[in-house]
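Listed after this line are the structures, all set down as structure tokens.
Two complexes are shown next, each including chain A; its partner changes from chain B in the first to chain C in the second.
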Partner chain A sequence: MRDYSAESGQLRAICKGLLASGAVELVLAWTSGPGLTGREAMIAKGADQLIDRIVWSPFCTSSIATLIKRNRKALEGKNIGIVVKDCDRQALNVLLQEYVIKKENVVIIGVRCDGLASALMFPDATMASKVVSDEKGVQVDGKEVAWEDFGFNACLSCRYDSMSADHVVGEYARKKQVTELPHLKRLSGLSLSGRKEHFDALFGRCIRCYACREVCPVCACIECAIDPGESSITPRTTPLEKTSVAGWACRGREPSENAVFLMTRAMHMAGRCVRCGWCERACPAGIPLMELLDIVNENVLRVYKYEAGKDPAAPPFLASFSDDDPDDSGGAPH
Partner chain B sequence: MSPIRISVEGLERIFGGLKDHRVLLPSGSGKKGEYIELTVAGRLPRECGDHTKPSAPPKNIIFPANETLLSYKLNIDGSIEVAQPEIGITKTILFGTPPCDSASFRVLDAALTKDIPEPFYTKRRENFGVIGMACSRAGKSCFCRSVGLSPVSEAGADLMAYPDGDDFIIKNVSGRLDMLWTLIEKSGEMVSEEAFEPVRARFDIPVENYKFSAERLVDAIEKRFTDPYWTEFSSRCVSCGICTYLCPTCHCFDILDVETDERSGTRVRTQDTCQFPEFTGETSAHNPRKERYTRQRQRVLHKFLYFFRNHGMMMCTGCGRCIRYCPVDINIAEGVMKLGGTQ
Partner chain C sequence: MTVFEPRIVAFICNWCTYAAADLAGVSRLQYPPNVLNIRVMCSGRVNPMMIIRAFARGADGVLVSGCHMGDCHYIKGNYYAKRRLLVLKSLLTGLGIEPERFRVTWISAAEAVDYQRTMTEMTENVRKLGPLTLFSKDRQVALESCAGSEVV
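Our next item is the complex of A and B:
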């Protein structure tokens, strides 16, 4: 049985120590809001109110690693402490590989994670509620919900079972043994036309809010090919150049345009997706995005033996080439 | 006009017999929810509340996220053909929306049919009726009472249905659906005000979250434009479009030309959101809302200040979608309470 108030206490003490000693300027961690959900915050020395609210529980469903991507300029050159669960730890490695942040600037505080949970299942709970978890599920003030019932695909098929960090909090209490991803197995049972039908329906639901892209910890391009314009237009850009800025998908909510966006993103996540599943959790249209991403992930793993974020010193997957790489993806996937 | 008691089956029969209308219902709830067409043998929902509300707002039924305004073609002889598409009109009845969603059409009407009527929306709206339903369960992110609505408010609804066992008690609110009302009157029976009141009162449930006074907020918020709280409020914002695209009242759009080939294409109106940086990107490359907090501030002020000043109503119905679906737990009600709306 894991008691998250005790683990949050340990975490708070570590963060407090790092800030007090001057080892880091900022700590990136979850803080408690009025409800169960942990809220990301960048905490500076002296912000005692925030430090006292540092929290860790299965309701910290966001990825602290996206704070790095979103605050790239503000964090440049600063020493930071960052609280990461297993998948965020992998995401941090991808950001290190891609030089979004430098290794010498980060102190990693890892929290061992058994899976995430949805606060919507506990409508009566508040920040003061007692949160514990075990092999079977999460208990809030005595009410238990099984891990499976939150429906977080990425967590149910999570394979991370070791944490390497400068400081580590918590012990795993749930065994993670996933050999085959259930959603991919479902897909592989479909015929080609069945699969087309399945994905057409999936793309048709997209409302193009780009939440999947914005919450993704490693979707860190400064400007996205799908809707460029922010940094490619300067006062010196001529009208002709403006008209030729390629927008690869029209903003409108058309199934074909949605497909271009979602598939482009899935392909660009090759070797970068760390399977944190935040895109799927964030999607307001309920699109099972992990299906799309896992097709790519499993192929990268099977054909190129590459696991995203495993080795921060390895070159990024899409930026490396080896003579031993197979010429194609090695036959039909799934 | 007295309310009418009609059995659920009776109403289903009436809907089944409507030849030239389509009837839409909320189906599923949350992220899996949507508005689907009632099939001939379809069943009507017998209750509505936060637990039955689809994540998708009903606005897109008559204000689609993508709308072709015109198509153009450059002929070989140099002449240009421009064609406007027919506005496809199907008489539509939306059944079973909670009061927050019904009220959203009052907001959209004020924005899109008043000073300069928007032809596409206006024409569809003329052929669109809303049968609201009293709400039996407020959720954790609901705050309709703080914006002047309630689980029994009839704003925006043409008819209002109060579930009562195997019956609905239906009230004629606007008089816009008289044809349907006549049919309901024929197959139902009149209910006296005394008999109706206890049924209505059953749905007059409290909404305990986020109690603020919208009127007080307007004056307070105007003075807080440069308040440092805006940065705190939006510090976690990822600038996705969830809060605005799921909002039943947000109606900003963009117009763009989509080339089919070198000689032809269409002019399309698409949804747009103040949360994307390009929303205010100017051709000179200047962007007055480059910072995330300025964009979140715009969303809040448009809803609770500018729209109120222009139209005398809040551009928020308290449905709570933007709170419930925000991936980083940004809470507009919590925000406006801190900005001066506390009772």
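Our next item is the complex of A and C:
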């Protein structure tokens, strides 16, 4: 049985100590809000009110690593303490790999995570509610909900069972079983045309709000391939207009752009996606994005033996190659 | 009844496969006119987005062809391309696009016959598969927009 108020207390003490000693200028952590859900915040020394609200529970569903990419400029060169759960820890490694932040600038405070939970299942709970969890599920003020019932696929198929950090809080209470991913199993049971139909329907639901990109902790490019907004090239674009836009990289108004966007994102996530599932939880259209990403993830893991964020010193997956890379040029000459 | 003619988009590298296409031309080797060759400086320059967009905008098959491993004009562009494009291929197959619709080949400047064979094979394979049906509605809109009608 894990008592999250006790763990939050430990976390608070660590953060307070780091800030007081001057080891870090800022601490990135979750703070308790009006409800159960923890919200990410950047906390500076002296902000005692905020420090006292630092919290850790399965309701801290956001990724703290996202704060780093959002505040890239502001955090540059500063020493920061960052509170990470297992998947955020992995995402942090990807950011270190890609030089978004420097290793010597971060103090990592890891919290061992058993899975995340949705605050929507506990409508009556407040920030003062008592949150505990065990192997079966999460209890808030005595009301228990099983892990499976939150429907967070990424957490149910989570593989991370060790935490390496400068400070660690909490112990695992749920055994993480590495099993075959259920959605991939379902997909591989479908025929090619069945899969086409399935994804055609999913792509049709996308409203291109780009929430998946915004919340993704590792989607950290300064300039994004899909950004140059309204400047798509159509047959009616004048030559003068064409000179001012970045051609093929633009986002068009046609519905086929949904598919282009989602597939391109899945491609850009190759060797980066840490399977935190934050995009899937953030998607307002309810698209099971992990299905799409896991097709790529599984291939990268199985064929190239590359696990995203495993080694912060390794070169990024798509920016490197090996002589052993498979080549199925399909009957290419010689 | 109209016969289905596949549209194949081929991204070919300037130093090897484009030269092979050139050689095929001067050697009077015939290959299907369904193939639209797009010359790029290196297979490593081919962004996966270009391929995805080609499919979304009406291509029934896409081919990327560069130099053989070790022969790249830019030393290692095709190595990067190989990793990137084969991951893309796994994604396309996962989405239900037949693997024959997307091919990555390596054809050197001297291999005009291989170039001819690859293009013919590709066209015939895709002709057998028929038009791509993923995002079919969207493709229709995209094609209409190319024809100059109103796009929503």
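Here, the second predicted complex is superposed on the first by the 301 of 334 C-alpha atoms of A that agree within 3 Å, B and C clash if a C-alpha of one lies under 4 Å from a C-alpha of the other, contacts with A are read in each partner's own complex, and residues count from 1 in each chain.
What we mean here is this: contacts are C-beta pairs under 8 Å (C-beta built on N, C-alpha and C of every residue); 3 or more make two chains touch, one makes a residue touch a chain.
No experiment lies behind these values; they were computed from the predicted model shown.
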First, second, both or neither for A:Tyr210, with chain B first and chain C second: first
Partner chain in contact with A:Val300 - chain B first, chain C second, else both or neither: second
Partner chain(s) touched by A:Gly35 [first = chain B, second = chain C, both, neither]: first
Partner, of chain C and chain B, that touches more residues belonging to chain A: C
First, second, both or neither for A:Ala74, with chain B first and chain C second: neither
Which superposed partner A:Val260 touches (first chain B, second chain C, both, neither): second
First, second, both or neither for A:Ala270, with chain B first and chain C second: second
Contacts of A:Ala128 with chain B and chain C, given as first, second, both or neither: neither
Touched partner set for A:Ala285, first chain B, second chain C, both or neither: first
Touching partner for A:Leu192 - first (chain B), second (chain C), both, neither: second
Those residues of chain A which chain B touches in one complex and chain C touches in the other: 234-235, 253-254
Residues of chain C touching chain A in the complex: 47-50, 52-53, 56-57, 68-69, 76, 79-80, 82-84, 86-91, 93-100, 103-107, 111, 114, 117-118, 121, 133-139, 141-142, 145-146, 148, 151-152
Parts of chain A lying in touch with chain B, wherever the complex brings them together: 33-35, 37, 39-42, 62, 66, 70, 120, 123, 207-211, 213-215, 227, 229-230, 233-235, 237, 242, 250-254, 278, 281-286
Residue numbers on chain B that touch chain A, as the complex places them: 30-32, 55-56, 65-66, 139-140, 235-236, 238-242, 245-246, 254, 256, 258, 268, 270-273, 276-278, 281, 283-287, 324-325, 327-329, 331, 334
List of chain A residues in touch with chain C within their complex: 187, 190-200, 203-204, 225, 234-236, 248-249, 253-260, 263-264, 266-267, 270, 292, 295-296, 299-300, 303-304, 317-321, 325-334
